[in-house]
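Letters A, B, C and D mark the chains as written, and numbering starts fresh at 1 in each.
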Amino acid sequence: MKFTSRPTAIVLGLTLAAAALAGCSEEAGGSSSGGSEAGACAPEDVTLVGQVRNESNPYEAAWLDGGDAFAEQVGLTQDRLTYDGDSTRQQEQISQLLAGDTECLVMNILPNGDSDTPPIVEGAEEAGAYLVTQWNKPADLNVADYDQWLSHITYNGVESGKQIGDALAEAIGGSGGIVALQGILDTGAAKDRFAGLEESLAANPDVELLDDQTANFSRDEALAVTKTLLTKHGDDLKGIWAANDDMALGALAALEQAGRTDVAVVGIDAVPDALTAIEDGTMTATVSSDGPWQGGIGLAIGFCVATGELAVEDIADEDRAWFAEQFLITGDNVGDFTSPEVDAADFECDNVFSRSQGAIS
Amino acid sequence: MTSPAGADTEVVLPPRPQPRRGVSLRDAGPPIALAVIFLLFALISPGFRTIGNVQNIMDAAAVLAVVTCGITFVLMMGSIDLSAPGVMGAAAIAVSLLVANNRNGNDWGLLGVLVAVLLAAALGCLSGLALVLLKVPSFMTTLGVSAVGLGVATLLFGGVQPNISDEMLRGWAIERFLGLAYLTWIAFGCVLIGWLIQCYSRLGRYAFAIGGAEEVLALSGVKVAPYKVAVFTLAGAFYGLAGVMVTSQLSAGLVQAGKGYDFAAITAAVVGGTLLTGGRGGILHSAVGVLLVTVLTNGLVQVGVSPYWQGGVQGLIVVAAVAAAVIPQRRRNQVTK
Amino acid sequence: MSTPVLATPDVGPTGDTAPVKGGPTLGQRLTSFMPVIALVVLLAALTIADPDFLTQRSLTAAVRTSAPLAVLAAGATLVVLCGGIDLSIAALCSLTTVLFAMWLPDLGGLTTLAAIGVAAAIGAVQGLAHVVLRIPSFIVTLGGMSIFSAVALVISDAGPIRIVDRDATKWLTLYVGGVVPMSFFVAVLVVAAISLVLKLTPLESFVRATGYSESAARLAGTPVDLVKVAAFTVSGACAGLAAIMLVSRNFSGSPTMADNLLLPAVAAIVVGGTAITGGHGSLWRSLVGALVITLLRVGLPIVGVPSAYEQILYGAIIVAAVALTLDRSKVLIIK
Amino acid sequence: MTTHLQSQPDAQASAPVHALEVRGLVKHYPGVKALDGVDLVVHQNEVLGLAGENGAGKSTLLKALVGLVRPDAGEIWVRGEKVRLRSVVEAADHGIGMVFQEQSLVPNLTAAENIVLGSEGAGVRRGLYRWDTMRKLAQEQLDKIGSQIDPLARTDTLTFAERQMVEIAKVLRIEERTSHPPVIILDEPTSVLESAEIETLFTQVRRLREFASVIFVSHRLDEVLDVCDRVLVLRGGQSVGEVSTASAAPAELHRMMIGSTGSEDHYHDTAAERSDQPLQPRLVVKGLSGATFRDVDLDVHAGEIVGIVGVHGSGREDVCRALFGAEPIEAGEVTLDGDKLDLSGTRAACAAGVGYVPAERKIEGMVGPMSVADNMTLTKQKSRCSGPLVMPQKQATLVDKWIERLSIRTPHRGTAIQRLSGGNQQKVVLARWLVAGDIRLLLLDHPTRGLDIGARSEVYRLMRELANSGVATVLLADSLEEAIGMSDRIIVMSDGRATAEVGCPSGAKPTPLDLVKEMV
């Protein structure tokens, strides 16, 4: 891999220069661009792809399992892709995927961050693959502007942040100091949820936010940060607001190690461990996000459009980008959520938008 | 001297200073830096200088200390080890599935811990074998083994979070002795064992020697390869124990249990005075480095530095600490890699 | 031997000045092509696993994907050839995506140059810190990594910054001759340009001398410090260029965008057969290494390998690839 | 012809049994026949000298004897038993051990560990060190050679000579491995020793002879004749004859080594064309001070060779490096041809026409894996460039010219320099400063260290020619004889100061004793 001789080097250089002059084009040769005819696909020709960060956390593993359940329901299999929380790798996988056969491709994607959504959308649009995204989307990107981007589903993060904030305030008796554990700082979810907390704080003026630190959605980091915060604020600390359940569970472990039982903890996502903790009474509240349903619903919308049972034009604008139904889970109602099941009826074509709580404003 | 031609220009031996056995400036730098940073934080932040916080720092340093024990031996040889995340992940999942847990009926207790550590040691051994048999640089073998470890962990994880209910293992993180968690005492034990290995075992001394002059060992008829494999195996075992400790702290087995510990441990070892080129430093140096890094992390939170800036400030201080340690020893024609 | 030694030797006919002929043997030539062989083998294996993989569209996509990684790796290769290591490339690349996105509305067409220039300057600062303060490059760039990340987070307010005016990066999304993605073409151009400059000037021997034996290079009057600073500068500039490629791909800049490319970039360098200890290797090797790593990163999941096995395979294959490509005759002791 | 070729050894005749016998050893390297049927016999309790120029096959032969090189043909017999030696350990098991030329100790271990390295015996029990035992074992070895070194001192805190003693103590460990008398090989053991230690070493060698056989290799022929019973001469990979030291003189040995009558004038002191010395010295050093030297004054005229002598720690090496900008200075002024010399770094010195040949050739002098051509043209860009571009043709022509002019033996200009012999490497390093023809001051730090007589002689001739063509030279010689033989003037340094100056003109040379008086 070295120039073995000077002539080679020069020839190579000239070739490159010549190639550059030969001209550039907008498209890769041989790429068949443009969308496929909606509804042209036979059900058995549809390819279902689900992509999440990794299979090593329960929420996203359950998501993919939900996708599998839906695929089985329609007699197909789902390609499970994971990108290990690596934005570039997600883009790389998508562009590789779209370079293959995109005729009847249905993708249910969890973009790593807001900024990862636009290239995925543009790629799908160009290649004619059916796309449903969840969680992350820049606010100014309008789903209705695209033909192949069928829908964007998320939970109202501001709402969830506020709900658990209120629950926390109630649990500590309406006054006292709390700390916030933030998620990965440059994700929309983390920001929305924290904005929700701020709304809640405004409504509960006696609750004081002593500190906010990031623990990157990670249980391990939350443990270390909470320990430090516990020593820093000592008994002033009455409650911990965590932007997801993993961090809440890390905070619980720190509290246990510190021998503190007087601190209330809230999280978001309703992962099984958090539900158990709420049942045990060690955790105060969480907000449900239904992983298995999310894994199935995206594929279901795409499948319905691909097979012609649903037309893009017929999808109402408020169903192009919508908040899915969520519930505040506390000790009172935790029993209802401990065994989430995929309900096949949710994935029927005329039922796919049934959990909508309204369009994203 | 019978022949004048043998006379050398260097005729007289000047009195030679006695060989240094004490502490040199190079060794003293990191502890001084630790003391300075500690005092600085103590002055700035009242929360920092409480007994509770010092206990907290010691507890928080435990896992990193154990990882660093392992990596120090590898660095002493002049190799590098990036396998901690994978090996720790595999050990964490393995132990959480072997002791009493919510996924299966196993209740192996201490034996489960042992098996997890052995699994980790086996992964470490794999790095070492690839290094000596395939002659692939350790940078790559350990990177590869880390990926393999994460793969194994993901396989074992199987989509459902394993939570441990084993009281003994959970107790390690909760029970305290003389104000410190059992885990912290385990870390102390690891540092002590590491130090004993470094000073009193052939493995440790040879690891040191390999970093000093590997070719000489071969000339002396020492087969270096088995010792290299053994060092990586030992390092793997330490990572495994660290993975178990993380599991004990979180009461759950995480695939990501070791995320970030590779660079954190290397940073700690280097800040403590272990050279990446090998042959210098040791366990005690690394222990100081671990405390330095932990004090920094803790102090920055205590002082209330914005979370956005914390990483940056930490990086700056690490560079400054190393710079302060090397600047007095600069020479004109010194090689810096 | 009566000629005064110092007289400038008269340049005689070249025919009688070469005492003995001797070039690389067949074996050595084969070793230098090992990275390509590894690439072909990997491609063949992926094709066997999924015959659809070997289509022109699919290969074009793979090549396009590899461009930022290749540019990152190429720049860092220079530092590695000098015997150092640059761990800051990925963080610097992320920072540059943010800078680019922030400056684009004001600077317009000049943004590309400005962003690359600033990245190069930051690289130079790291190089200076390394040679002036004599701090090991590992530490300088490890520190740089966290500092750049922090700066990127702060100035971007921890969020992505979207690019509205896409014309500034549109050229990178074109295709040369209809098949070769412009970004990859640029990557090849960068590698060719740097390689040519090295080859045609004394720089190559400076860089190699510095990597093989820094003290000997210094005592031979080689500008060791300058060469190192230059290597870090080029590495920084390459990180900047890679950032622009990422922005052209993602239509936004984000403070963590490239952070995960660090280990793949270093892996690309080593898989290409460049010795991590310095001196031996080349940028072309890293280019091929980047293709190998890209195929592994995107190819394995696309052909349907489950995620757990994918990681195990990835680990095993990079080790095997290095076992194939490393020319051990140039590296005496493997650490 | 005093060369009496060794009689073909007779396998049947069992008596007398030789301690070591080598028959027809052959070893090929690509392009080179390093050993071409070497025969050698070592008797019990004798010291056999081995002489030969660099490239005569000495190193390969020795390496074959300790199992580091596997011969292509030939046999090795130890005490009447044919053996195959595949590693250092196997050689040690047969009682053969070697003190290597390049110091082979681990710098960051203690002396004791180095001594017992690889054969710790009772010093390590179940993988654990027993420091007391180890110290005792090491002390036993050190006592054998009467050394006072603290066994628990770290090796890198010891002096060069002390480390050599540790090496000898280490090799004597093979006595514990075998019940037979061992064969000890000493490869250039004196090249880095100071004279007091050389004497100790010789006493050691004579003591070793009481219970062992010794093969002694040195490039200093007088030493060989002094300490050995018999000397075997190698040339071109063959044994060309042996002499008894009782009757031989260095000149005779030398003649056998190079195959013809050697030049009588070893130092090529031709004293020609040196009358027209300009009044103004080329190099003027005033009050130069640094970390290890103080107020050094020095001047060197064009065409003059000035030797600096001094004991270990005199600071002369650092003065030399400081003049090249490789060592920081605290005070002082240096001018070259009247212009102030910039001492801020090596680049400035190179640009001003100052050249430096370091003592540690392999670490500091050359870039091992790079080609002869690149090593030769590394410094002077105009020797290979036109503008900023390297002109391969220009470089090749120039390099080949110098390869020929200095008779550098290399297969090709593209060959890695580390594959050449020491003498040829040194010639390439010297050539680096000559290719541009702008050299004004040459600083030579032990330029002949580790070179054989032939190579030394060529380096001396080169120095002479350079001086005659007007180069000012500062020489840190390997020995007082070399300093006296080569220099026109000698500066004596001690404790970082220049303490005396001794004139050394051709025909009126001082004796080594005169210098030693000034030095102490």
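Methods note: a residue touches a chain if its C-beta (ideal position, glycine included) is under 8 Å from a C-beta of that chain, and two chains touch if they have at least 3 such contacts.
Quick caveat: nothing in here was measured; it's all calculated off a predicted structure.
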Chain pair showing more contacts of the two, A-B and C-D: C-D
Inter-chain centre distance, chain A versus chain D - centres from mean C-alpha coordinates, in Å: 70
Distance between chain centroids, defined by C-alpha means - chain A, chain B (Å): 35
Rounded Å distance between chain B and chain D, as computed from the means of their C-alpha atoms: 42
Contacts with 2+ other chains: residues of chain A: 6, 54-55, 185
For chain D, residues that touch 2 or more chains besides their own: 326, 346, 364
Junction residues of chain B, two or more chains touched: 150, 154, 215, 308, 333
Chain pairs that touch, as defined at the top of this document: A-B, A-C, B-C, B-D, C-D
In the complex with chain A, residue positions of chain B that touch it: 47, 50, 52-53, 55-56, 59-60, 89, 150, 153-154, 157-161, 163, 173-174, 181, 246, 249-252, 254-257, 259, 297-298, 301-302, 304, 307-308
Chain B-facing residues of chain D, complex: 68, 87-89, 92, 100, 104-109, 113, 117-120, 124, 127-129, 131, 150, 152-154, 157-159, 161-162, 170, 190, 193-199, 220, 222-223, 226, 309-313, 321, 325-328, 345-346, 364, 476-481, 483, 511-512, 516, 519-520
Complex interface listing, chain B residues touching chain D: 1-14, 16, 19-21, 199-203, 205, 208-209, 211-213, 215-222, 279-280, 332-333
Residue ranges of chain C in contact with chain A within the complex: 24, 29, 32-33, 35-36, 52-53, 55-58, 60-62, 64-65, 68, 153, 156, 158-162, 171, 173-182, 185, 188-189, 192, 195-196, 199-200, 246, 249-258, 260-261, 272-273, 282, 284-285, 288, 294, 297-299, 301-302, 304, 306-308
Residues of chain C defined as touching chain D within the complex: 1, 3-9, 11-12, 14, 17-23, 199-202, 205-206, 208-209, 212-213, 215-223, 279-280, 330
